[in-house]
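Right, one structure below, let's go through it.
By written order: A, B, C and D. Residues from 1 in each chain.
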Amino acid sequence: MKEKFSGIWPAMFTPINNDGEPALDQVEKLVELFISQKLGGIYILGSTGQGLLFTEEQRKQVTRRVAGISKGRIPIIVQVGALTTAEAVRLARYAEQCGVDAISSVGPVYYSGNAAMALEHYKGIASSTQLPFFPYQLGENFIPGDTIQFVNQLLNIPHIAGMKLTTNQLLEISSIHNYAGEKLKLFSGSDELFCHASLCGTVGAIGSFYNIWGLQCKQVLMEFKNGNYALAQEFMLGFQKVICKILPNSWTFFRKAMLLKYQIDIGEAKAPLGNTQIEWEDEAVMNIFKEIESLAVH
Amino acid sequence: MKEKFSGIWPAMFTPINNDGEPALDQVEKLVELFISQKLGGIYILGSTGQGLLFTEEQRKQVTRRVAGISKGRIPIIVQVGALTTAEAVRLARYAEQCGVDAISSVGPVYYSGNAAMALEHYKGIASSTQLPFFPYQLGENFIPGDTIQFVNQLLNIPHIAGMKLTTNQLLEISSIHNYAGEKLKLFSGSDELFCHASLCGTVGAIGSFYNIWGLQCKQVLMEFKNGNYALAQEFMLGFQKVICKILPNSWTFFRKAMLLKYQIDIGEAKAPLGNTQIEWEDEAVMNIFKEIESLAVH
Amino acid sequence: MKEKFSGIWPAMFTPINNDGEPALDQVEKLVELFISQKLGGIYILGSTGQGLLFTEEQRKQVTRRVAGISKGRIPIIVQVGALTTAEAVRLARYAEQCGVDAISSVGPVYYSGNAAMALEHYKGIASSTQLPFFPYQLGENFIPGDTIQFVNQLLNIPHIAGMKLTTNQLLEISSIHNYAGEKLKLFSGSDELFCHASLCGTVGAIGSFYNIWGLQCKQVLMEFKNGNYALAQEFMLGFQKVICKILPNSWTFFRKAMLLKYQIDIGEAKAPLGNTQIEWEDEAVMNIFKEIESLAVH
Amino acid sequence: MKEKFSGIWPAMFTPINNDGEPALDQVEKLVELFISQKLGGIYILGSTGQGLLFTEEQRKQVTRRVAGISKGRIPIIVQVGALTTAEAVRLARYAEQCGVDAISSVGPVYYSGNAAMALEHYKGIASSTQLPFFPYQLGENFIPGDTIQFVNQLLNIPHIAGMKLTTNQLLEISSIHNYAGEKLKLFSGSDELFCHASLCGTVGAIGSFYNIWGLQCKQVLMEFKNGNYALAQEFMLGFQKVICKILPNSWTFFRKAMLLKYQIDIGEAKAPLGNTQIEWEDEAVMNIFKEIESLAVH
């Protein structure tokens, strides 16, 4: 039987209409897309989903709609982290009422503080529901050497189920896995390293680029685990090349790519996010599609 | 004639009631306190004022009340930075309607990005009103070597009047002053270095500790400029010692200190801010008061 | 035909006698060991070999002896980097006369400077011989975003053949490989990530731990490339666990481990290196041997 | 009576001849210059003096000559730090025999390690003579929060007399002074902040630029302490402007400046130091002299 929390999970874009509000019709199309692709699950309202840039009410709307469409056909994790613990708790409880599968939270934002502050923040959120909890690491000031001590304290948080990692330090991932084992299901957050991270004991990966190439990444990860080293090496090198091209203007790319490939309009990123990015020509986007296709066909 | 934007400015605490809302009666008392102390001005809703932890409506309430009380008796700068440029613009326009003296903004939060993103964000905010604008530096990822290039672009922003600096790199402050001269009124944000920073060309200082010791700091800065090196050295060393003692539990200290010294209740910081801080005994707070008093009396 | 510069290369310990001088008889035993293990090659006088802690004359002695023993039976790369370019050049020329296969150099030491300084330093060294040159990255102040620009300039250095990487940023490795392709043979320097790095296009790995477990690592890397994902995952996780245990007292471990396993005495590290490390019990070292053996036996 | 270790100390350039050896005749001229200027003392063979780029024998030569010329007319501190503790100890003992006033040492180089390693290294050096000892901070990996713990351990080192600070974090300097008081005479190492640092309790400053403008800096520091705030502000801002202009090509500037101003040839820096710096026109150097002169004349 397949593990509920595993595999390739898009950190779902939150489509936005011209007024800066969630475009719920496009949200539906995205959810149906990922269900049809049989991806591992959907992670909503994280950094890619611009969760923190929406009002509390808008975040609840999106959560309700996603849960309402998916109806258990695909696992859903909702990122509920917010500037105050109080708002995060309200979002967590609302998500539970909507029937999602788990909640997640970024560390403290703005006042990024220390590990103790993050742990207390996480504890407040995790305790407020019965849902499995997948926190991030401890905010923005992570010091590698303190990882194990932090993880040890994390294991005492109610309903802790895993982590949504942001690090690209693979030894940090291995160290967490070596320490916590099955007690923490680890999702890697560096799209460009999803195969490498699986060697460190991750159960899956959550990221932006799986909105576009979820199918390809799912196939590569499966084949890599089944022994196709050559495919993994070739794909990851090509995927990394593409990611590096896209990153400086990622939000304009994402919008056009989703439109061209899936006819889904995710709208313009909410400023200041993407406020200096230049538009992509259709042809440039299509060329990148071809680059990826040339890697995954075997 | 005194320069409007200069001197010692408290980054005003925003008093909070038991429901987590702004306690406007205590706000009034704070404003009257600073007016009576003849401080340089008041900076509201910044990091010390927990600006980002309030809703848009609450931030407007506080702005309206502060402007309504001060009525031009003391200059007011409102920090309007927010997670989205759109919200910051609404806050800026509201502040202008309330008749404050200037606006300020932190750099992009959460998606901290690069200097270009910050500049575009700042430009959007500054253009939306006729008020003098005092941005922070470029968010959290400041690279010293890029300072001058950044400042050069900052000077092209409409209504730019100065900066609220957060750096403790004094050469960075001097470099900005040497480059921009009178075009940028610089406020230093490191309370523990307000005298040192004045040697770098700052016009004044904005900070948390001036809520408590604004009078003392005002006197020391004035005497230092008038040649009292010995007082400045003694006071700054003692002040730094006190700041280092307070910082690990600053929010609980601030609350008790304001209550004991001025009978103003600023309430509990909004979690996760201060969520791991331990309470201070009255006596420990009083001892710190005595430490400062012993430095400034001459 | 096997590629000359590839596979698992121990960054050879330089055995030291009680007077702090190179123990050449133990050096011989080490070289014979690695030849008998059919490892990819031997990298001498790098950080692990304490190259910079020996006098110029001592470094020449070691180079001469290693070249004299190996006599082409195994490829040898000599790290010639030194505090001055002039000394590095003398060491490079001497290495060439001894008939080694390639030279390598750390970036500028102490005055770590910028990429331009490193490139000029590398150019001076590389130009002084006809040997293939494998520089490190650009000293200690590497900024990932500048990687490609740096690599582009590196490609103009005479006799450039590859790089000895120290980074644990795998995307940096992939980016270099994607840019330079076959023009740069990349050796990864993070022992704990040698399989992960091979997915990024490295030709091999150079590191301390291969002095002890070169055979096991060689086998794992080969099987990983041949499709044994499960072995690679299990071994790397276990190897990482062991490395994390050893690192805080690595020099005392290395000495005892080489003595117990191979009857080679590498002596005491030259202070300040290892000057605070505590001694290992024989049993603790033996237990770590067992831990590794349990991973690689299949 | 004047304190022996205080005031403005040039980190003396070590003049070099065309063969890369110390030019002892120019060394003599430098020492006489500083004696005639009645500067606080002379700090030799540090980073500015390229100490680590000379052989052990050359460092001894320079030490002997400087001590031989000064003959107690000006205090001398010798930087004896080296790649190995053993070499540093030999240099320390030699310096003591030469009759210098104190020794100093940089932290571990190359293997920069942690505070414990630095302390052990310092202890080894300090214990080897009866001279007052002025270590640097703990190498290159300084973490501000650990300052006090480090200083506390430093106070247990034999003959500890003070520190040669490299930090530009003024709160770190104040924190050390607040903790150690008269037990540690602190010299600041950031030339551009020598007045600011004196507010933090430093007894003086050691730096490169005092080779050229020792007299001016001595006067400014004295007047600043006597109440001339305006002079200090004007001079420091101008001095900082000049330093920022010089830094990208400091070694070529230093050489030409010493030649034009004092007819002393310090020679070319030992590569890789300065290996990418461009030459200065005489006029550009003279203009910088004028800039400084315009600041200090009152």
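The rule is simple: contacts are C-beta pairs under 8 Å (C-beta built on N, C-alpha and C of every residue); 3 or more make two chains touch, one makes a residue touch a chain.
Because the structure is a prediction, the values reported are computed rather than measured.
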Check your understanding: Which chains, if any, touch chain A and chain C both?
Key -> none
Practice item. Return the chain whose centre of C-alpha atoms lies at maximal distance from the corresponding centre of chain D. Key: A
Check your understanding: Do chain B and chain D face each other with the same patch, meaning over half of the contact numbers show up on both, or with different patches?
Key -> same
Review point. What whole-Å value do you get for the distance between chain A and chain D if each is reduced to the mean of its CA atoms?
Key: 51
Check your understanding: CA centre of chain C versus CA centre of chain D: separation in Å?
Key -> 36
Exercise for review: Going through chain D residue by residue, note those that touch at least 2 other chains and give them in order.
Suggested key: none
Practice item. May I ask you to sort the chain touch graph into line, ring, star, complete or other? Key: ring
Revision key, fill the gap. Which chains touch? The pairs are A-B, A-C, B-D, C-D
Review point. Where on chain C does chain A make contact in their complex?
Key: 168-171, 174-175, 177-178, 190, 192-193, 195-196, 198-201, 224-229, 232-233, 236-237, 240-241, 244
Exercise for review: Give every residue of chain C touching chain D within the complex, in rising order.
Suggested key: 20, 47, 52-53, 83-86, 108-111, 113-114, 116-118, 120-121, 124, 140, 270-273, 275-276
